[in-house]
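We just call them A, B, C, D and E in the order they show up, numbering each chain from 1.
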Amino acid sequence: MKFGTAVGIVISCVGIAMGATMEGTNVAVVLNVPAILIVLVGTLGASIAACGLEIHLKLPQLFKKAIMPDDLDLVGRVNEIVGYAEKARRDGLLALDEAVKEIKDPFTQKGVQLVVDGTDPDLVGAVLEAENDAMRQRHALGRAPFLQAGGYAPTMGIVGTVFGLVNVMNNLNQPSTLGPLIAAAFLATLMGVGSANIVFLPMANRLKELSQAEMHFREMTLEGILGIQAGDNPRVIAEKLMAYVPPAQRPSEEEQQAAKAAAQKQAA
Amino acid sequence: MKFGTAVGIVISCVGIAMGATMEGTNVAVVLNVPAILIVLVGTLGASIAACGLEIHLKLPQLFKKAIMPDDLDLVGRVNEIVGYAEKARRDGLLALDEAVKEIKDPFTQKGVQLVVDGTDPDLVGAVLEAENDAMRQRHALGRAPFLQAGGYAPTMGIVGTVFGLVNVMNNLNQPSTLGPLIAAAFLATLMGVGSANIVFLPMANRLKELSQAEMHFREMTLEGILGIQAGDNPRVIAEKLMAYVPPAQRPSEEEQQAAKAAAQKQAA
Amino acid sequence: MKFGTAVGIVISCVGIAMGATMEGTNVAVVLNVPAILIVLVGTLGASIAACGLEIHLKLPQLFKKAIMPDDLDLVGRVNEIVGYAEKARRDGLLALDEAVKEIKDPFTQKGVQLVVDGTDPDLVGAVLEAENDAMRQRHALGRAPFLQAGGYAPTMGIVGTVFGLVNVMNNLNQPSTLGPLIAAAFLATLMGVGSANIVFLPMANRLKELSQAEMHFREMTLEGILGIQAGDNPRVIAEKLMAYVPPAQRPSEEEQQAAKAAAQKQAA
Amino acid sequence: MKFGTAVGIVISCVGIAMGATMEGTNVAVVLNVPAILIVLVGTLGASIAACGLEIHLKLPQLFKKAIMPDDLDLVGRVNEIVGYAEKARRDGLLALDEAVKEIKDPFTQKGVQLVVDGTDPDLVGAVLEAENDAMRQRHALGRAPFLQAGGYAPTMGIVGTVFGLVNVMNNLNQPSTLGPLIAAAFLATLMGVGSANIVFLPMANRLKELSQAEMHFREMTLEGILGIQAGDNPRVIAEKLMAYVPPAQRPSEEEQQAAKAAAQKQAA
Amino acid sequence: MKFGTAVGIVISCVGIAMGATMEGTNVAVVLNVPAILIVLVGTLGASIAACGLEIHLKLPQLFKKAIMPDDLDLVGRVNEIVGYAEKARRDGLLALDEAVKEIKDPFTQKGVQLVVDGTDPDLVGAVLEAENDAMRQRHALGRAPFLQAGGYAPTMGIVGTVFGLVNVMNNLNQPSTLGPLIAAAFLATLMGVGSANIVFLPMANRLKELSQAEMHFREMTLEGILGIQAGDNPRVIAEKLMAYVPPAQRPSEEEQQAAKAAAQKQAA
């Protein structure tokens, strides 16, 4: 399921190519170098002007993140946190000191470390929320180039087409060349509208949804860490965190028991 | 009244088909395979790229939900909750333990169960609000494909039409075929604009309104459950919850008495 | 001043009709049955799909409300509430019991009744605010069909025009009919853009402004009722509520004295 | 600097007129009565339908306010308030009673009067904030006609142009008249797009910025009045209020001393 | 990396110019005086009407700020503040009095000065937040002309093109001049769409991102200053502030030690 974005772009391109071919158009015409220069380089430049150079050096990473997002295992995280809560209740908060080094997720690790260090609860909340705010801002900066490009590409397409039409108008006395010239002018519009609606805008939306899912994941984690620090009953923490999990993914009563047992063993 | 969305789509299609027929157009032309491939497959792909594959596997469910939404019986819920409140006041909170299993709505059931279990009031509120937040997020993800498709479809229509016009321009030397070719090119615009404005955008709005209505329903329920836990007077709870019901649906004084009596019997 | 919306629609139609006639167009051409079917029935259907059937059965009421809105007499309401406050201060809250039945505005009546019943102040606030929230939601649902129609109508106009142009393109070999066919195709655009911008969008905005004015009116009333319950000095209440009244409508010192005297007599 | 809006409109019109003249167009063609009727009367009607008649009777005032806005002397206000604070600290709050009548700004006057009257601090804040909320709402209603007109005018332009083109299409058999007829049809678009982008939308934005500046001015004043009532050290009040002033306008240390001395004298 | 905006604008222009040249258009045609007058002077006038004259006198500064933004050294600021915190903890708050004069950033200086003066902590927070609010408002006013111009320029382009087409239509009887006249008319659209999408909108977005980065920087600073005043452990302050720094920029454990040592020396 993780490859949704790549699959979607392929489906979209194949559908359009098949339709256009059936209409009798040679799809290869879109590989028009002037149109590509005007639309894609023009859009890239405008996007760099709008968002700065640095974020554009991370484009490969951002593409990869949109196409192969990390799995967010909500139930696994709930069980992990409930395991720590049980260990802390049984053996005291300091008993988590060893477990901390094993935690793979840096956010969870930082949170549990702060708790083990006996940091003031308000400060734990403040530090972790500052982390979340900063992540939200980084994500917003990361999807900005796609959002901006989605806005600029169609207008760069218009720029390309109008340039083409200016050329056409200055050659009205050679009627035989008009058709192909107008056709070529239209290709810029095609490239601009197509790239925006098949690549840039869908990727911007995908990155936004992935960011929201990660924030949701982290809020659940934060709630759990504060619960551990407050010494809440692990059953209560599980109840609270399970509300963050979509009902369809929630384990049945028995599954939950088994998972907890396994987590306890792991945390022990 | 529940079939509003299906009825609306049919009315819209019939109106347009009748108008177009009167103008002299053969409506069957819209069943143009290239236009359908470009617009509908192109839009589907872009929507998958934007929202991921998983949500698209639930499209049949989402269509069904928009077309045949659940009835939300506000007055019935008020009476149900007031019934529990009366039982709790008469026989103590634990007396609700039996009733809990009979509750059909999972949200109400979870809430009353938490109250019966003697959970801390703040925690009851926090768990139920986390449930509501998670539902709001799920609903937002559920309507996203319709909203995205409503944005992509018209531009896919433009892509299809421009492809068609490119084809036209390359055939300017065969004037007799121009008319039908241009006509075919326009069909993609028709398909794109039509599908967005008759299906995608109305369904996105419908799902948003249904989501808001369900949130309103749940907020009322949450308020009632917290009232039961706080041991509020059932009359006070009824007063508070009735404010959530539109004046036109509020029962008259007598109806209210009768309903309460019935609810008490049921809850007893 | 109340008939603003009807007056505005008439001015707009007359201006356009006069201008078009001067240009030489026969304005009666807009009464084109295919265009009306495509645009108005198509828009109605899409709006039903988007907002459900029920709200559309209330369209006559909503039209009436936009065209002949209720008068909101801010100064009158201030004087009324200050009158109750004076009576309550003089004779105790229970003295308002009689006055309650005479109150015409249901919201004020409910509020004063709750105060007379000795309801907890927090609860009075919560119930009245739930009433206001529910009203705000009802108003939002009430203007949704106009807002939706304002978005759909122009695109239905494009659908109609494109259908017409498809027809034109298939009749290119009969040049003499082209002009009238293209003209007819344009009428759908005219109908769509015109209905959206002369009727649907202005009515949606009008209903929004009326809703905001009513919320403002109710917030002032709520503030006054809470002041009565808190036993505030009537002069203080008047000072507080008068801040909600636009300076130009505020009575001069003397008018205020006279009004208070009259209100006291009425409330006595 | 105050005449920015008038200057801007003139610059815009002159630039366009010069450019159009150089292209060879006779600029006087825009004085086309049908286009003016359709666009300006049509827009006025739609705006009245959207916002009511009353606000349109205040259009001359609103135009005047946008073109010749009041000067907001931030530093002057800071010095004025610090002067009152010093007087109050020296001679007691009651010593301000005389000064109140001399205060020119009604908002400051009302605030200081409430303080002198010994009103409860929370109430002073509540009354002045209700004044501010009401002003914000009035300003929003005041710029609504410009914002609405900015949206309607271009579409009224399209209505006018389409009406013109319908006329053209019905006269295709008289080719010699086509050019001027199409040219006349375009004038409505020109009028609609031009009036929206040179007058309506800039004025709406200007009124919004002026409203925000006035809110900022009043928030600073409110902060100062509450400081006077709390008996804060005048130096502390000055520090607090100076944060509202843009650094470039802040007086140097010496200027501040001189200004304070002058203000003390005036307030004494 | 700082020259992103200038680099982006150059890339965009070069890409478009190369594409257009390959299509066969002479790029120099865009230097069309009527188009420039209509679009750029028309847009400037509308922007002045919308935002006032004053802000337009600062355009050179704003351009410079977008093209060569200040470096925001997050880690350096953290180390600086931690250094003050250590000094204050070791030698008391008054020991910072000397250091204050050396602070380069006026915001940090004002904050530390207030702390050294023994100002009430709530007041320190209030004054610094008022500074931030005022800066946010100034930044919003500063990017408004670019945002407004980005909206007006394309429509000024349409105005120019329609003026040109009106001219064309009145010269239909001279077919040989039509092509060049239409081409010239299109240049206004090109100028309008191009200037908006290559310069105005990207600069508006760039200024918005720079403003957000500066707000983030200041919020971190404010948090640190309040921590110094509260006498927090410097290690705790470092922990808190480091959450504002993107993980990739955070120094490793050892680097942090070294930096702290250096900062201590400097602050000592």
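The definition used in the following text is that a contact is a pair of C-beta atoms (placed from the backbone, for glycine too) under 8 Å apart; a residue touches a chain by one contact, two chains touch by 3 or more.
Here the structure is a predicted model, which means the values were calculated and not measured.
Hopping across touching chains, the smallest step count from chain A to chain D is 2. Touching chain A and chain E at once is no chain at all. A separation of 41 Å divides the Cα centre of chain A from that of chain C. Inter-chain centre distance (chain D to chain E, centres taken as mean C-alpha positions): 25 Å. Of all residues in chain D, none touches two or more other chains. Touching chains close into a ring; read starting at chain D and passing to chain E, it gives D, E, A, B, C.
Within the complex formed with chain B, the chain C residues making contact are 33-54, 106, 114, 119, 123, 126-128, 130-131, 134, 137-138, 141, 144, 148, 151-152, 155-156, 158-160, 162-167, 169-173, 181, 184-185, 188. Interface of chain A with chain B (complex): residues 1, 3-16, 18-20, 22-25, 29, 154, 176, 178-180, 182-183, 186-187, 189-190, 193-194, 196-199, 201-203, 205-206, 209, 212, 216, 223, 236, 239-240, 243-247.
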